[in-house]
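Each remark here refers to the structure printed beneath this line.
Letters are used for the chains, namely A, B, C, D and E, taken in the order the chains are written, and counting of residues starts over at 1 for each.
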Amino acid sequence: MSEISMHDILSLLPMVILAGGILVTMILIAIKRNHLIIFISTLVILLASFSCLVYNVPETPHNIGDLFIIDRFGLYFQALILFSTFVVVVLSYISLKNLFPQKRKEEQYLLILLAALGSGMMVISTHFISFFVSLEIISISLYSLVSYYRELEKAIEAGLKYMLLAAMSSAFLLFGMALIYAVSGKMSFTGIATILPDMNTSHTIMVVAGIGMMITGMGFKLGVVPFHMWAPDVYEGASSPISALIATVSKGGVVAALIRFFLMANLYHFEKVMLAFTIITILSMLVGNLLGLLQNNVKRMLAYSSIANLGYILVAFIAGNNTGLHAATFYMTVYCIAILGAFGIVTIISQSDAEATSIENYRSLFWKKPILATALTIFLFSLAGIPLTAGFMGKYLVLMAATENAHWLLAIVLVISSVIALYYYSRLILVMAKPPDDSVNLAFPTIRLGGVIIVVLLSILVVWLGVWPEYLMRLIYNL
Amino acid sequence: MNIPMEHGILLAAILFSIGLTGLLVRRNVIFMLLSVEVMLNAAGLAFIVAGAARGQADGQVMFIFILAMAAAEVSVGLALIIKMFKIFNSVDIDKADTMNG
Amino acid sequence: MKELLWLVVAFPFAGSLILMLIGKRLSRMACAFVGVGSILLAAVFTFIVGVGFLHNNPSSVPFNQSLWQWINVYGLTPNIAFHLDTVSLTFVFVITFVGALIHFYSAQFMWKDEGFTRFFVFMNLFVGLMLLLVLTDNLLVLYFGWEGVTLCSFLLIGFWYKDSANGYAAQKAFIVTRVGDTSMLIGLFILFMTFHTLNIQDILTAAPSTWLVSSGPAVLTAFLLLGGAIGKSAQLPLQTWLPDAMLAPSPVSALLHAATMVTAGVYLIARTHVLFELAPLVQSVMAMIGAATLLVAGLSALNQHDIKKVLAYSTISQIGYMFLALGVGAWSAAIFHFMTHAFFKALLFLGAGAIITVLGEEHNMFKMGGLRKKLPIVFWTYLIASSSLAALPFVTAGFYSKDKIIWMSYASDKGSLWLWLAALLGALLTALYTFRMVFLTFFGNSKTEPTHRPGAFITMPLVVLAVLSFAAGFIELPATMGHFTLLSDFIEKTLPAANTLHFSYATELLFQLISIATVIIGIFVAYKYYYNKPFPAAEPERNKLQAFLYNGWDFDLLYDFLFVKPLVFLSRIDKNDFIDLFYKGIESLMGALHKVLSATQNGKVRRYAMSIAIGTIITLTILLFL
Amino acid sequence: MNIAFYIASVLAIISTLLAITGKNAVHALLYFITSLLSVSVVFFVLGAAFIAALEVMIYAGAIMVLFVFVMMMMNMGADGVKKERALTTPSMWIGPSIISLLLFLEMFYILTNQTSQSITMLEVQPDAVGKLLFSKYIIVVELAAFLLTAGIIGAYHLAQKEKTIHHRFLQNENDNL
Amino acid sequence: MILVWLLILLMGTGLLAWLVAKWSATLSRLISLAGTVMYIVIVIFLLVEYKQNPVGQKWTVSFTHEWIPTFGIQLKLAADGLSLLMLLLTSFLGLLSVLISWKEIQKRVGFFHFNLMFELAGITGVFLCMDMFLFYFFWEVMLIPMFFLISIWGNENRIYAANKFFLFTQGSGLLMLLSILGIYFIHGHNTGIYTFDYELLLGTVMLPQTGFILMLGFAIAFFIKLSIVPFHSWLPDAHTQAPTAGSVILAGLLLKTGAYGFIRFVLPLFPEASHQFAPVAMTLGVISILYGAKLVFAQTDLKRLVAYISVSHMGYILLGIYAFNEMAMLGVVMQMIVHGISTGALFIIAGMLHERIQTRDIEQMGGFWSTVPRMGTMAVLFVMATLGLPGFGNFIAEALILMGTFLTNKTLASIAALGIVASTIYALHILQKVFYGKEFKPRSIADLNIREMVVMGSLALLILGLGLFPNVLLDVSTSSVVALIEKVNSLNF
C-alpha cells in the first residue's frame, strides 16, 4: 500500500515521456491538424523517450511495488519497442501519404504511440493486473490501427477478426489468471513463485490449468500455432506499417512478458507446461513455414514467416537458461529489424491505389530498383537465417541454446522447417531476380527518399549484426 | 456465507463456456460481441470469487480494469460493426472472408 | 651403346609430339618424314642398343636405365625406367622393325587421306607406348603402356570417325579390353599389397619365397593377370573386339596384330612367368583357353568372306597358340611364335590392305580372284606369308614356331594329349582357311579389276617381311631337324626352359610327321574345294551353323544380351534417377501439406475462434492428463 | 444467503443461455441484462457490493445501451429475426457445443480435483478497493486511462462518417466535374 | 595476415567489378581478371614458400583475431599443404571462370563478377578457416553467390535448380551446425573452455554414441556437398542449369569443399566414429561410383551427363577418405585437383558447344571432330582423362585411391574397380555421340579461338603434367596427410 515515489516516476521516465507525448500530440491535433507536424512531433517524442531511456539505465533493478520492475532486461525491450515504433512511424507517414487520401491521418500516430506505451509497460510488468492492462492498451489501439484505412473492405474485415479473436483470447487469459489467483491468492509473479513450493499437487493442477489458459491468451498475441490463424488475414488487411507494428511491438512485448513471467514465477519446472510449449513451438515452426510455402501474397507470406520465427524464439525460450533467454532476446531483436525492413519495402514500393502485396509486384525488382531489392534480399535472408545477416546469428544462438540444453527434437525441427522456409524466401528473391520483361511495364511509384534511407539503414544494421554481432551480444549478455 | 470457492468459479466456468459456445456458433457479429462480453464477464466473476475467498480487494480491482477494458473494446467493436454493416451490408461475419489462403 | 636405350622409346614419342603440335603447319612430305623417320630411328637405335647389349655380355645380364621417378607414395615408387633383357630386346626388335616397315607402307597408303598427320601422331604414339610397355621394369608403368595402347587402338580403329560404325568398333575395343585391364589392375593391387612394390624383378625374386605353389593369393593374382592378358590378346571370352577392329585402316591392323597391342598379353605373361609358375592351375586354364580359342577362332575364320576378318580370326587363333605354349610352360616357343607371327601377319595385313585399296575398298574375297597375275609381288609375298601362317613344312618360319608349340603341348610336363589334339586340329583349320583365302583371292577368275598397282613404298615392306617370314624360322630348329636353338638359348637367359618329359627321338619325329601331314591335308582340302571354283560373288546363303560360326560363335549376341541390353534398359527406365523421385516426393508432400493447411485458413473468423478453442482444450488436456 | 447465490447462479445461467440462443437481438440483449443483474446479485452475495453496483451501472447500464444504440442504427427490427434464423441453423450448434462442453468438463475436472478448502467468503468493503486502487495500483489506473483513450480515439476514427470519396482518381474525376 | 588479404582482395575485386560495370562491362571483366591473377600469384608465392620450408610448424601461415569472444569465436585462418593445394585449384579455376565468361555473360556483367568473386572468397574461406564457427559461416556464405549465379545467369530451368541447390545445401549445413554446437558444448563441459577453435576441439573426448551422431551431422552435410548417392539429387540440376563458369566452380570447387570437410574435420574430430562408419561410407562411395556411372550413360543433356560424372568421381573420393591410409588419402587429394580440371574442362566444352549451337542435347550433335578439330582434340584428351587413362592425373588419383582402399578393404576396392570399366563406357559414349559419326546437320561452327585455346590448353597441360609428374603436387600435401592418418589410426584398430 505504498505511495508512489519520485524515484519511481524517474525510473519510468521514458514511458512518462511517451504518455505525456500522447497528450501533447492530442492537443496539437486539436489545435491544428497537420500531418507533417504531428509526424515530426511523434518522432521527437520517440527520440526523447529513447534517449532518456539510454541515459538512464539503472545499475540495479528497481521495483515499483510488485507491479513493475525497471531492470536492464525490461529497458532493453523498451528500447527495442521504441526503435521499432520509430521505424513504423516513418513508414506510416509514407503509407498514409500514399494510400490514405482521407483527412484525419494524425490519429494513427496517437494510436501507434499508445501501442508502444502499452508494450513498453508490459515488458516491465511483474503483476497480472499491470500486465493485463498494458496488454489491453496494445490490443485496443491495434483494433483501430488495423482498420485504420476504414474505407477499405479488407481493413475492416481484418479489424473485426482481430478484435473478436483478441477479445476471446483475452477472456481466456483472464480466466487463466483468475484460476491462478484463486488457488494462490497472488497476482504478482514473484508472489506466485513464493506460493508454488508450498502447494500440494492437487493445487498445482489448478495453477497448471491457469497457465494453460494463459498460454492461449499469450499464444494468440504471439501468433503461434494453433492460435495463429488471425495473423495472415490481419497482416494482409492492415496497412504494412501496422503489420510491422503487430509483428514487432506487440509480439516483442509479449515475448518479454512471457519470459519475465516464467522466470519470476519460476514456472520452468512444470514439465508439462514445457511440453505444451514444445508442441506449440514445433507446430509453429512447421505449420508456419508450410503455410508460407506457395504463398503469393507477400504480406501473408511475412505473416507466416513471423509465425515460424516466433516458433524459433520459443525454442530459445523453452531452452530456458541464460543462453536460451539471451538467444530469445537476440533473435527477437534481429527478427524485428528484418521484419520491419521487409514491411518497409512493401510500404515503399506500394502504388497509390493498392499496396504491393502480390509477388508479381516484385518481379524484376533487382533490375528496376536494385537498392530496394538488395535490401529486401538481405531482410529475407535474415529471416531465413543465412550467414552475413543478423538472422543467421540469431538462429545460431537459438540452435546453440537448444543444443546446450539437449532439446534435440526442437533443434532438428528447427533445421527442417528452416529448409522449408528457405523455399519461399528464395522464391520471392528469384522473382525479383527475373530478367525484366519489357512487355509488362509495371510503373513504379515515386520512391520516397526517407523510406529508402530507413530501409537501407536497417539492411546495413542487419549485415552489421550478422558480421559483427559481438556488441549486441555483450549488451544482451549483460542484461 | 459459506459458499465453497469452487462453486463460484464453477459458475464462472459455466458462463464462460456458454459465452464461448455463442462466439463459436453465432454468425451475427453483434451476438459474437455479446458472447465475448459474456466470457469477459465470467472471467471477472472468477476474479471476484477468488478475491472474496481471500478477503482481498485485488480481485475487485482487477474486475474494475476488466470493466474498463470491456467498455473500450465494446466501443471500438461497435464502431467496427457499424463500418462492417456499411461495407458488407450485413452483420453476417461469414461474409467477411475475402482474405484467405 | 646400350645407354641409348631411352632414345628408342623417345623417338616415337617425339615424333608423335612434333606432329601433334606443329603437324598442321608441316607439308605432307615433312609429316611422313617425321612420322616414318621416328620409328625408323627407333629401329636403328634398337639395333645399336641390341649390339651394345650383346657385346661382351655372354650371359645377357639385364640392363637397367632409370629416367625419373613417376610417383612416390608410400612404397609405391614406380620409375620411368627401362629393363632390357633378352625377352624385351626380342620384343623391342620386333616392334621397331615391323613397326618401321608398317610406317613405311603407311606413308604411301595413307597419302591421300585428310587425316594423314593425325594418323602418324597416333601410330607413333602407339609404337612408343608399346615400347614403354615392353621395356619398363615396373608393372604400373607397364599398365600405363598397356592402357596407352588401348587408347591408340581406340583412336586408330575409329580413325575414320565420320562413319559411326567405326566409332562403335573402337568403343567396343576399348571397353572390352578395359574389362581385362581392370582385372589386371586388381591383380596389381594384390601384388603391391603383398610385396610393397610393383617392380617386376623384385616381385619375381620375392614371389617364390612369399607364396607357396598353388596358394590362394598366388592363384588369384595369376588369374587376374591372365584376365588382363586375355582382354588385350583377344582370347576367349574377350575376343569379340578384334574382328570389329578390322574397320581400321589396314596398316593399323597390321601394327595392332603383329607388333603391338594383341601381343602385349603374351608379353605380360612371359614377363611375370614366375607368378604363373606358382599357379599351375592358372597355367592349365591358360593352356585350355589358348586351345579353345584357336579352335573357335579357326572355325570362325573358315566362314568369313571379308579378307581382313579372316586375318583377324587367324590372329586370335594364332595367339591362342601362343597362350597354349605359355600354358604348357613353353615360354621360348611362345615368343618364337610371336616373332614369326609378327612378320607374316604384318605382311598379310599389308598385303590385304594393298589388295583392298587397288580393288577400290573391296573386302569380300568372293569378289576377288585371279589377282595372281595382276599383282605378282603382292601375290608372292602373300603366298609366303600364308604358307608361313599355315605352317607349310620346312620352308616357312611359321612351321618351325608352330611345330614347336604343337610338340610342346604334348611333350611338356604340363601338356596333354588333348591339348596336342586341339593344336593339331587348329593347324588343320589354319591351313584350310589360309589357303581358302589364298585360292579365293588370287586364283580363279578375276571378278574385280584392280584400279592401279601398289606403289614402291607399299611393295618394299612386303618384300622385306616376306624374307623375314621365310627366314626367321631358321633361328630355331627342332631336335629332329638339326637342333638349332639360337632363339630359345637367347630367351632362356631370361625365361626358364620348358620342362619336357623325356621322349624318344622317334616319338618326336612321329608327332611331327602327323602335324606335317595335317597341314598338307588342310591345304589339299582347301585346294579341292576352293581352287578355281566358281563362286557366286554375292554373300553366300549360310545355314544356321555357318551363320553361328560366321558371327564369331555369337559372342556378340551373348554379350549384347548379358550386358548391353540390361544397361540400355536400365538407362531407359531410370534416366531421371529414381532417387530423385524421393526428393520430388518430399516436394509434392510439402506442396500437399501446404494446400491442406491453406484450406484451414479459409477466412472465416468462427473457424479461427474454433481453432483457438480446440488449441486451448488440447493444451489443457496435455497439462492435466498427460 | 447461500440459497440466494444458487438461485442467482441458475438465473444467470438460464438468462445467458437465452441471450446466446435468441433470435431477436433486442430480446437477447435484455436476457443478457438479466444475466448481468443476476451476476450482480452473486457479487453482492459474495460481499462485493461495490462491484455489484458497477456491474449494474456500467455493464448493464452503459455498455448494453451502446449495443442498443448500434442495433437501432442498423435497424434490425422486424425482419431481423428471420434473417437471424437463416444465419444460425440448429445443426451449427453441435460442433461448438461439443467444444465448449469439453472445455467445461476440463474446468470441472480441475475444480473437482481441487481439494475443497471451503473458503468462507469474506466481505471486502468498497473503501478497501478504493484505497488499493489509488495507492498501489495508481499507475495502472493511469494506464487504464490510456486504455480508454485508445478506445475513444479508435471508435471516433472508425465511426466517423466519410465525406470524401475513397480513391484519389475518383476524387480527381469529381474535381473535373 | 596475407590470408586475410586474399579474402579482402577477392571481395574488393568483386565490389569494384560491380561498381565499374555501370560504365564499362569490359573494365569489369578486366578487373576480375586482374584480381584472380593477383590471387593466383599470391597462392603460388605461398606454395613456393611452403615448398622451401616443408617441415617445421604445421601451418605455414596463420592469422588469428577475435571475432565473437563471448562464444570463443575467432577469425582464425591458417594454411597447410592441403589448404594451399585447394587454394591453388581455387585460384586457377577462378581465373578460368573469368576467362570463359568473357563472351558468355553479356547481361549484368558487374553483378555476375561480384557473385563470382564472392563465391571464390567463400570457398577460400572454407579452405582456410581454423574455427568451426567460421567454417560454418563460410560454408553458407559460398552458397549465396552460387544461388544467384544459377538463378540469374542459368539456363532454362534455373529457378528450380537454384532452389533445389539452395535447399539441399542449406539443410545439410544446418545439420552440420547442430553437430558443431554439440561438439562445442561437449568440449566446454569437459574442459570448461568454450571455444570453436578447431585445434582445441580436436582432442574432445566423448561417448561413442554421441560421437557417432555428431559425426553423422557432419557426414550428411559433406555427403550432400560431395553429392554421394543418395544425396546427389541437387547436383545434376544445379550443374546443368548453371552458366559455364558456375558449373566449373560447382564441380571443381564446391564439391571439393565436401571432401575437404571430411579430411579436415570429420576424420580428425571423430576418429573412432569414423572407423565405425567406414564400411557404410565406403559402400556409399562404391554405390556412387557405379550408380553415378550408370546415370551418366542414360543422359542426353551434355551438361547433365558431365554432372553425373562428378557423382561417380566423388564416389572415389569418399572411398579413399575412408580407407584410412596415406596412399588413398593422397589419391583423394589428387582426385580433388584433377577432377576439378578434367570435369571443369568437360563443362567448358559443353558450354562452348552450347554457346555455338544453342543446345545441349547430344542427340542433336555428332561429327563435330571434323567441324571443330581443335575442340575435338581437346574433347578426346579430357574424355581420356575422365576415364582414367594413365598419363593423365586422373589415373594417378584413381589408382592411388583404389590401391590404398585395397589395402583396407579388398572387396569394395575390387567392386569399385568396376567403375573403371563403367567410366570407359560412358566417356566413350560422349565421344561417340558428340564428336564421332556424321554431322547431325551441317552447321558452321567456329573452332576454338585464342582465348579458348589458352583456357583449354592450360587445362590440358596441367592434367598431363599431373599425370606424368604427380609428385609435384602430392609432395605438398604429404605432411598434412601423414599427420592426419597418424592421428586417425592412432586408436589402434
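Following the convention adopted for this analysis, a residue touches a chain if its C-beta (ideal position, glycine included) is under 8 Å from a C-beta of that chain, and two chains touch if they have at least 3 such contacts.
In this text, all values refer to a predicted model and were calculated from it rather than measured experimentally.
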Common touching chains of chain E and chain A: C
Contact-graph distance - origin chain D, target chain E: 2
Interface with the most contact pairs, given as the two chains involved: B-D
Innermost chain, taking as reference the mean of every protein Cα atom displayed: E
Centre distance in Å when chain C and chain D are each reduced to the mean of their C-alpha atoms: 100
Between chain C and chain E, centroid-to-centroid distance (C-alpha), Å: 38
CA centroid of chain B to CA centroid of chain D, Å: 5
Whole-Å gap between the CA centroids of chain A and chain B: 26
Residues within chain B bordering two or more other chains: 5, 9, 13, 16, 19-20, 23-25, 27, 33, 49, 51, 53-54, 56, 58-59, 61, 65, 69, 72-73, 76, 80-81, 83, 93, 96-101
Multi-partner residues of chain C (at least 2 other chains): 598, 601, 603, 605, 609-610, 613-614, 616, 620, 624
Contacts with two or more other chains, residues of chain A listed in rising order: 129, 133, 136, 140, 143-144, 147, 150-151, 159-161, 164, 168, 179, 205, 209, 232-233, 423
Pairs of chains, among all present, that meet the touch criterion: A-B, A-C, A-D, A-E, B-C, B-D, C-D, C-E
Touching residues on chain D, where the partner in the complex is chain B: 1-2, 5, 9, 12-13, 16-17, 19-21, 25, 28-29, 32, 35-36, 39, 42-43, 45-48, 50-51, 54, 58-59, 62-63, 66-67, 69-71, 73-74, 76, 84, 87-88, 92-93, 95-97, 99-101, 103-104, 107-108, 111-112, 114, 116-124, 128-129, 131-133, 137, 140, 144, 147-148, 150-152, 154-155, 158-159
List of chain C residues in touch with chain A within their complex: 590-591, 593-594, 597-598, 600-601, 603, 605, 607-609, 611-612, 614-616, 618-620, 622-624, 626
Interface residues, chain D side, partner chain C - complex: 95-96, 99-100, 102-103, 106, 109-110
Residues of chain A defined as touching chain B within the complex: 128-129, 132-133, 136, 139-140, 143-144, 147, 150-151, 153-154, 156-161, 163-164, 167-168, 170-171, 174-175, 177-179, 181-182, 185, 187, 232-233, 236-237, 295, 297, 300
In the complex, chain A residues that touch chain C: 160-161, 164-165, 168-169, 172, 205, 208-209, 211-213, 215-216, 219-220, 225-227, 229-230, 232-233, 272-273, 275-276, 279-280, 287, 290-291, 293-294, 420, 423
